[in-house]
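In what follows, structures are represented as structure tokens.
Each of the next two complexes has chain A plus one more chain, namely chain B in the first and chain C in the second.
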Partner chain A sequence: MPLPMYYFLAVTAIYILLSWSIYLPYRVMHLHFMSVANMTISGYLGAYAALSWGWPFMLVLVVGIVVGAFVGWITSFAIGDAPTFAVVIVGFTYIYISKTVVENTDALGGTLGLFNIPSIHSDPSTSKLLLLIIVYLFVILMGFLIHRFENSRLGRAASAIFVDHQLAKSFGINVKRTGMFLQTWSSAMGGASGVLYAYLMRNLFPDFFTFHLIGIAMTMLFVGGYATMWGGLLAAPLLWGGPLLFPPEIASWRIVIYGTILVVMLVLKPEGLITRPLVYRIESYFRRRRDRRIPS
Partner chain B sequence: MNKKIFVVLLVLLTAVALTGWAGGAQEEAATGAAEEDTGEVVVEEWEIPFLNVLSGPIASIGEYLQWGADRAAQEINEAGGIAGKPVTVKAIDTGMSPEKGSVEMAKIADSALVSMGPVPEPVIMAAMPIAVENGLYSMTATTSYEYAVEFFPWSISWFAPTKEKLPPVVTEWAKMQDLDRVVQFVESYGPWPGMAEAHEIGLEAAGVEVLKQVDVPTDAVTFGPLVVKALEQNPDGIVFACNAEKIAKIIIELKSRGWEDLNNLLVFNSGDAPELYTTGGKQINGTMIYNYTNDALDTPRWNAYKKAYMEDHDGTRPPALSTHYYDAVYMIKEAIEETGVTGDPDKLKEERIKIRDYCNNVKNFEGIQFTWSMSDGVPTDKPLFLFEIQDGDKELVKEVRPE
Partner chain C sequence: MEQSNTLLDVKKLEVSYGHVDALKGVDVTVNQGEIVVLIGANGAGKTTLLDTILGINTPRSGSIQYNGTDITGRSADINVREGLTIVPEGRGVFTSMTVTDNLLLGAHHNMHESSDKIERVYQWFPILKERSDQMAGTLSGGERQMLAIGRALMSAPRIILVDEPSIGLAPIIVNNIIEILVNLNKEGYTILLSEQNAYKALKIAHRGYVLETGQVVLSGTAEELLEDPAVKDAYLGA
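Here is the complex of A and B:
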């Protein structure tokens, strides 16, 4: 596989995971930016474990996910049913705290960064292929779980919370537990993204995991469509890959192009490219085709 | 009869075999001659990809780095090119994005003869492992030694190790100003805290008491509380290791709170950017600054460079880093010409190594500012200059050469 294609695909997968990690809590109206902090925590922890303790990749990944989930779960006791704004503030605070801790910890490379994270295989080509396979298996697994969630009672409960918090409570939905569950899941995905990102880049720098990632994930979510999981899946390769194809003269304008797309989308199609009715229409179209094929 | 025929056939066969063998040998010899390095350049044009930061918050730095590289290419082409062929510097924008930087590096990793950049540290850290893995020599001519060394020998450091290069100039300044108590403003970005540590070594060597440093938050917009924090320690000197615009604002704040002797303020080399002068204006007159570029140099080459830069930038003087990639392009030219690099894609691997080894150990390289040598990718004798700022100009106070 050509090297640029490898990096394009690998980064796309990480962006998909990141946009899903923002999407999931947004199902209950939480803009949960903690997943970026979870990327920092699990990414650095994983890199340190691999460098200092010689942990193998799979162990690092599992521990990264568990640590991410744990941090998200503990915090969700306080913000599981908090207003959107409070969740945003907590997310920002976590990003600041995790970045500051990294910058002031010599063992994590401080402001200089952490270098030479090992490959997952001694042969560079095999290592790349394996990493790509693992990343996409993880994306498929998460996609499957999110899809199951969307069609479950819990998913419908989340939709009710999104529409009206109080109304959902009156239906007997446990708003806090639903929020806690989604925040924990989101944090676990953030942790996984951090570990995968660390192994992809092979070095870590404190500024890797900052607000630019929030900007990217938010754009993907709102351009792709915040009401279904398919929005992030569509927008990640388009928004991330598109600018790579720009000629050099236009490439420098990509931030302006990004911003313009976001503004235009918010004005003309605020619900994003892929909406829930669109998904229902596509699903029912396929259902009808399938039903026609089955003789009664 | 049969015997005669047999002998004739044997002789003929032997002759054919011998002729064939000899022919084969001739052919082999001819092929060998063709494969021999004729030293002839096979490219129509040399292309040097430059992974630069042309968008985002530090795009202004990328602009003048690109200007310097393009200027060198223009001069070289006007003088006949590299080994007779023209050269172009291909600008590739990575912004501040590690992800984009890695894809852009991946695009050139298996085809470029040599490359320049990346520029911002986050992009260097993401993209350089790709260059190393693919044996591509990329000249990281703006970052500190501590980053470049991680990718040796596939990168080059334009600076000596921070803790060796900076202390002498700080010691000189502290002695010159007869200082006793010095505080530092330090911003947590990449190499800057390490540079602040190097300043401390220099200050201690001058017998100065180093006070508790003041941390400058990256997102700071008001500087009053930070200045109060510094002044309450009663310093008689201040060193700045933070963003250029913030330095200017802190100095203005210091003056508004009664600080008078601006010679007792020292700005580090990363602070020598246009924002320092545009924001500070006359308010920073008298402030001392150190860097690697002597603006007051009077040579035809530097004067022409300076004039062209100022014409293209509304009279702004060339910033300290603007010469780095100018020199890098010339160093690549020298490497190609001295080692007989041909640009033949079939010899890509060996020719990359030729350029790498030449540049990493170049001797008496004639840069636009001074002549210097490299040893295993590290400069051995680059000087540092101490200046006083006056109305946007820098007046040379002292040149400090490593021992």
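Here is the complex of A and C:
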């Protein structure tokens, strides 16, 4: 596989996961940026474990997910039903702390980062292909789980909390527990994204895990559509892949382009490209077609 | 004997929002099988009382006994599970969700036999069955009120707190909604109804309370309140 294609597919998958990890808590109106901090924590922890202790990839991945989930779960006791701005501030704080710790820890490579993270196979080409398959299997698994969640009682509860959390409480919905669940899930996905990114790139730099990563993920979420899981899936390849086609002098203005697109979308189509009614219409169309095929 | 019939017993309930006292020692009793109406102007404390009974607000003092158990300050999710439910003011339907999803929200705490529950709601409100796949935002005001009542029924309640069901509805629709509440009561549901349309509410109620600035200023049977000169003067336009 050509190297540019590999990086396009690899980074697209990471951005899909990252945008979903922000999408999930946003279902209850939480802009939960801890997934970026958990990417840093689990990514570096995993890379260090692989380099220093020789842990195999699967163990690193599982530990990365568990650590991410644990950090998210513990924090969610405090912010599971907090106002949006409080959740945002906690997320920023975690990002700042985790980046500072990494930059000041020699064992983690400091500001230079960690290099030569092991491949998962002795043959580099096979390793890349295997890794891509694993990453996309993980994306499919997460997509399936999120889709199941959307159509579950928890998904309906999250929709109700998003609109009016006081009203949601009056139906017996436990707002805090729902928020905790989604924040924990989001953090676990952040942890997984960190480990997968470390293995895909085989190096980690603290500068990657900063606020610009939040900007990119948020642009993907809000341009694609924050009300359904399909928004991130559509926007990640478009927004990440699109600038790759630009000439180098324009590509370096990527963040400015993202920002402009985000502002334009928020003004013209605040719900993003893929809205909930649109998904509902498409689902209804296929349901009707299926029903017509089944003889009565 | 009387005690065993009491489903809800609110005593000396005080609720405040910051420095503003919304309820100042309210006493309300609802017996099994009754329709009890709360009458009062805007800001009298009717919605605050219903929300506090359900567990959305935390009282400063006083007590709420439900079915013989002290539920003061207990969270709404437990209270709904135990058979309390609310039809909120302004209907509170989720416009970007389908009618079916709105109904299923009502059974959030217990999805067991939810399809049977939905069928029962559709028997009550056949129009909702026709609209089941439509977004709730496409329903008329009366249909939304039916949806809100249907959603409350989905939680298999023992007592339904109904907050201002007639607000924003045409008189003929209000009559339909009132009739629905009477029929629900005949089916065995206990109803605590907050309503500004005092005449219509008292006509169907067993008993009533008049709230003014967070206090019960008058209570009695519906007939007594309908004949009370102060009620007539203030709420019945006589």
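By our rule, the second predicted complex is superposed on the first by the 290 of 296 C-alpha atoms of A that agree within 3 Å, B and C clash if a C-alpha of one lies under 4 Å from a C-alpha of the other, contacts with A are read in each partner's own complex, and residues count from 1 in each chain.
Simple rule for what comes next: contacts are C-beta pairs under 8 Å (C-beta built on N, C-alpha and C of every residue); 3 or more make two chains touch, one makes a residue touch a chain.
This structure is a prediction, so every number in the text was calculated from the model and none was measured.
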item: Which superposed partner A:Asp123 touches (first chain B, second chain C, both, neither); value: neither
item: If touched residues of chain A are counted for chain B and for chain C, the larger one; value: B
item: Contacts of A:Ile255 with chain B and chain C, given as first, second, both or neither; value: first
item: Chain B versus chain C as contact partner of A:Arg156, first or second or both or neither; value: second
item: Touching partner for A:Glu283 - first (chain B), second (chain C), both, neither; value: neither
item: Chain A residues touching chain B - in the complex, by the definition given at the top; value: 2-4, 6-8, 11, 100, 103-104, 110-113, 115-116, 124, 200-208, 212, 240, 243-244, 248, 251-255
item: Residues of chain C touching chain A in the complex; value: 51, 54-56, 75-77, 79-81, 86, 88, 92, 94, 96-98, 101, 104-109, 111, 133, 135, 151, 155
item: Chain B - residues contacting chain A, complex; value: 54-56, 59, 90-93, 95-100, 102-103, 106-107, 109-110, 121-122, 125-126, 128-130, 133-134, 146-147, 150, 188-194
item: In the complex, chain A residues that touch chain C; value: 153, 156-157, 159-160, 163-164, 166-167, 169-174, 276-277, 280, 284
